[in-house]
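There are two complexes below, and they share chain A, which is joined by chain B in the first and by chain C in the second.
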Partner chain A sequence: MSNRSIANTAFVFLSRLATGICGFILVFLIGVIVWNGMNSMNIQFLLSEASNFGASGGILYQIVGSLLLVVMASVLVMPVAIGTALFKSEYITSPALFRLSSILIYSLNGIPSVTFGIFGLIFFVNILGTGISWFVGSIILAMMMLPTIVLTTYQSVNSIPSSYRENAYALGLNKWQVIVKVLLPQSFHGAVTGLLIALARAIGETAPIMFIATAFSGITVPGSLFDPVVSLPTHILALAQQATNEAALQNAWGSSLVLLSLVLVFSVSALLSRLRLKEISQR
Partner chain B sequence: MRISRLYIAGSAIVSAIIVLLIFVTLIVNSSAAVAANGFHLFTYEWNPAKDQFGVLPMIFGSGAVTIIALCLAVPIGLMAAIFTSEILNPMWRAPVKSVLEILAGIPSIIYGLIGIAFFSVWVGDLFDLQSGRTILTAGLLLAIMILPTIITLCDDALHNVPQKYRETAAGLALYKYEIVKDVLLPIAKADINGAVLLALGRALGETMAVMLVIGSIDRVPEPFYNALSAGQTITSKLGREVAESAFGSVHFSALIFMSLLLVAITVSLTSLTQFYFKQEQRLVE
Partner chain C sequence: MTPTPLLKVVPVSEPEFAEWSVHSEDFNVWYRDAHILNDINVRFPAKGITCIVGPSGSGKSTLIRSINRINDEVPGFLSRGSISFNGKDVYTDYKDLTILRTEIGMVFQKPCVFPKSISENVLFGVAKTRKLSRAERLILVEENLRAVSLWKEVSYRLDDSATSLSLGQQQRLCIARTLAVKPKILLLDEPTASVDPVSGRAIEELLLKLKKDYTILLVTHDLQQTKRIADHIVFLCDGEVIEQGDKAKMVTNPEHQKTKTYLSDSFCEC
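This part shows the complex of A and B:
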């Protein structure tokens, strides 16, 4: 065999080895979460209240709290995100303003999650005096979700062929009618895909909400928007910190499996929604 | 019509204000620490009781875990991407991508739990340490966390190289190794650099997983390359101490100062990434 052929064989072997390592890591991660999670999984666990600082009992209110946080965040973020995407796609005419808007959105995307939590703590909890609450947590999560949704919505609005707009204008529609009757229906799936991707990320976030939205125990369903909630990620954090307690760790695995399932529900829906998006754009 | 324009301009302005508000809040709240400590912020002693707020151990820790993570994840991730893009049957590419997306979506707190339950125990046993919560453990965990991002972006980078380059190179009787090394990698270089920068930004900003396994001790190890001792990153420091420090104190302000440093680094990295990806588009045309 020539040197070249040996180098090639070694190269192909190394890339197979690297892929093998990645495959092994994948199987290990999923295996560990599912195996350990299943051990503590039962109806009782899903439908009862946490007790004894989470070491016994279930996670019903943690699931409810997590969902409340992200649902409220979606309600807050969608109007702003769609408006911003439309502004970026349909209203900006100067290249400088366009570049500025891109920089701002990418900056927001690049801010680490813990910084969002600190910002919320300073601005809402301390300066505005809102206290630790569900509402503040949702506002901060909404801010984190904003860039993802703006970008996907922008892409789907912007990829609508200009013949659609021209035809609509020719029929005598004004700009707002074009947006409502033509652009929004055509780009609806883009916005939904963006929302689902953002939700999959937001529901697993711990750092942004741990200072500003959640209390550890003794809370069920928040009575108002300005009450604290409990959530799955912060519950796992609290349990992981008492890792020497076998029962707490067991419940942490159970909570992790539930959290991962919620993430998967959102990300698989995003995947399906994106496939449908592709189909539509190919028509 | 007027209301509609008001809505669209309004939401764009709200988005812009959010970004600016975050920066302004961080700058205003870190000014107290800068005024009180000046250049003493860049020293090695962190002791709020003695009014010492040196941030260098945390900067060192963030740098160290990120370097360990990149050194492990970039070679493995790039080789795996070469496999999925150039060697694997294209039929399998879509499922592989979906699985990678799922992996990238595992919340960081779950990585942290796995880190506490397995990695720190393994590192502790393997090197016979009292506690397995070390800089190395955090680096290992981070490497696994950024691996899917690196694979999927490098795979895209290689896959975007037009087919004609491969065909021409194969027509010259080059081996796969030579095609990848001499043809594909130079063309995809800008995108791969972008992928690494993006992963770097992710690794620097990662909080929960690192916080749980790094051991949280505010000093540079002795000697500095000893990755088997506990350390502290900017993010783990913030995660542990922000809730404990009083709002308005110099202690709090020093923490915000670190957060500002972190944001400045990650935001410029993300902007730089955009620059890299854009440059590549021009190259392909």
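This part shows the complex of A and C:
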């Protein structure tokens, strides 16, 4: 065998190995969570309130709380993200500003999640005096979701051929009408895809909400914007810390399985939405 | 530099200003540093079809895209000189470009329908400012689809997506969409270049029908088409107007050798 074909074989082997390791880790993690979580999985677990510090009872309000956090975050983030993406694509003309906006968006994406949590604690809870509030948690999650959604929306606005803009201008539409009637409808799918990707990440985030939005137990549905909630990731964290309590650990596995399923739902939807997007852009 | 053509001394042989619907005076265009159009002086008569011909890259598209100022959207575009439209300078007298563009309609080379229904496409430019009643919508859709001879083909599926139409049908839909805005002038940039010959002929028939009511400026590469439908020809080469005039004169008795060569062999060494 020549050197070249040895190198080639080695490369093929290594990349297969890498893929194999990735696949193995994924299957292993999901397998362990499903295997252990299945034991506590039943309707009762999903639909009843936690009791005895989570060691018994279910996780109804943790599910509700987590969904509440991300739904509100989505409502907050969508207009801002779409606005930012359209501004970047349609209004920024100076190359320097354009680069700056890209840097800002990528930096926002790179900030560790715990930093967001500390920022929320200092700015909202301490300085603005909101107290522990699920709404503040949603604001912080929205900030974390922003860059992902801006990027996917920007990509889809930017990939609309300029002939659509020209045809609309030639019919006498002004810039705002072009945005609302031409660009938004054709890029909305990109925003939705970005939202789903961001949701899959946000719903599992613990650090940004643990100081500012959640309490551990004794909470059902928050009565106002400025009440705490319970959530799945913080519940899992708290249960896992009671390492000597068999029942609590079992419930941590169960909660993890539920969380994983929610993440999976968002990821698969994002994938489907992305495929649909591709189909549209190839028309 | 605003022209005051009514006061201008016009040579006897030339028609009165009122018959010139669009004319330019020393009009120049640059894209960044590239000088694309050089002192263009053209006159497009009202009503009838003026064909703008010339080799690729000679600036035909640039010229008509400057008339409705769609070029303003192109980064690096710069112009000097004037283009007037019925006595108003399009670069200084129109603060509101949307008004200019409803008066001057434009159809591009590649049909570009919006991913909406056929009737929504027809109404796209009309429905932008006010809500139309159902009756109004129906009338406008039928009237304009009939005007482009598309009504019979699509009347039973007005709510289907416009993207489901054939390219030739899409191009006629684009024309209908432009007519619906009720422009006074139609600019067409090679409207038959990307459709099949039969649809191309249909569009030519359509233009012959429309020329009674509209001033039509047609950019085309197709000399046979020019000879079939033009009333007036403008010959552009390398950013300059070589010659312009009636079809009869331009085809049978051009002043310039270049015009003669181009109009017979579609070849030009400029």
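What we mean here is this: the second predicted complex is superposed on the first by the 259 of 283 C-alpha atoms of A that agree within 3 Å, B and C clash if a C-alpha of one lies under 4 Å from a C-alpha of the other, contacts with A are read in each partner's own complex, and residues count from 1 in each chain.
Just so it is clear, a contact is a pair of C-beta atoms (placed from the backbone, for glycine too) under 8 Å apart; a residue touches a chain by one contact, two chains touch by 3 or more.
Please read all numbers here as calculations on a predicted model, not as lab measurements.
K.L.:
Is A:C22 touching the first partner chain B, the second partner chain C, both, or neither of them?
P.N.:
A:C22 contacts chain B only, not chain C.
K.L.:
Using the touch definition from the top, say if A:G129 reaches chain B (first), chain C (second), both or neither.
P.N.:
A:G129: touches no partner chain.
K.L.:
Determine, under the contact definition given at the top, whether A:T84 touches first (chain B), second (chain C), both, or neither.
P.N.:
The answer is first: A:T84 touches chain B but not chain C.
K.L.:
Between chain B and chain C, whom does A:L271 touch in the aligned arrangement: first, second, both, or neither?
P.N.:
The answer is first: A:L271 touches chain B but not chain C.
K.L.:
Between chain B (first) and chain C (second), which, if any, makes contact with A:N174: first, second, both or neither?
P.N.:
both
K.L.:
Report for A:P95: first if it touches chain B alone, second if chain C alone, otherwise both or neither.
P.N.:
Neither partner.
K.L.:
Which partner, once the models are overlaid, touches more of chain A's residues, chain C or chain B?
P.N.:
Between chain B and chain C, B touches the greater number of residues in chain A.
K.L.:
Look at A:G223 in the shared chain and tell me whether it touches chain B only, chain C only, both, or neither; answer first, second, both or neither.
P.N.:
It touches nothing on chain B or chain C.
K.L.:
Could you tell me which stretches of chain A are touched by chain B in one complex and by chain C in the other?
P.N.:
Common to the two interfaces on chain A: residues 174.
K.L.:
If you look only at chain A, which of its residues touch chain B in the complex?
P.N.:
Per the touch definition, chain A meets chain B at residues 4-5, 7-8, 10-12, 14-19, 21-22, 25-26, 29, 32-33, 36, 79-84, 86-88, 90-91, 101-119, 121-123, 126, 143, 146, 150, 174-176, 179, 200-201, 203-207, 210-211, 233, 236-237, 240-241, 243, 249, 252-253, 256, 259-260, 263-264, 267, 271.
K.L.:
Given the complex with chain A, which residues does chain B contribute to the contact?
P.N.:
On the chain B side, the touching residues are 1, 4-5, 7-12, 14-16, 18-19, 21-22, 25-26, 29, 75-80, 82-84, 87-88, 98-99, 101-103, 105-110, 112-114, 116-118, 144, 147, 151, 175-178, 180-181, 201, 204-208, 212, 235, 238-239, 242-243, 247-248, 255-256, 259, 262-263, 266-267, 269-271, 274.
K.L.:
In their shared complex, at which residues does chain C touch chain A?
P.N.:
These residues of chain C touch chain A: 68, 70, 73, 75, 97-99, 101-102, 105-106, 108, 110, 112, 114-116, 124-125, 128, 163, 174, 177-178, 181.
K.L.:
Spell out the residues on chain A that touch chain C in their complex, using ranges where they run on.
P.N.:
Contacts found on chain A: 93, 161-174, 177, 181-182, 185-186, 280, 283.
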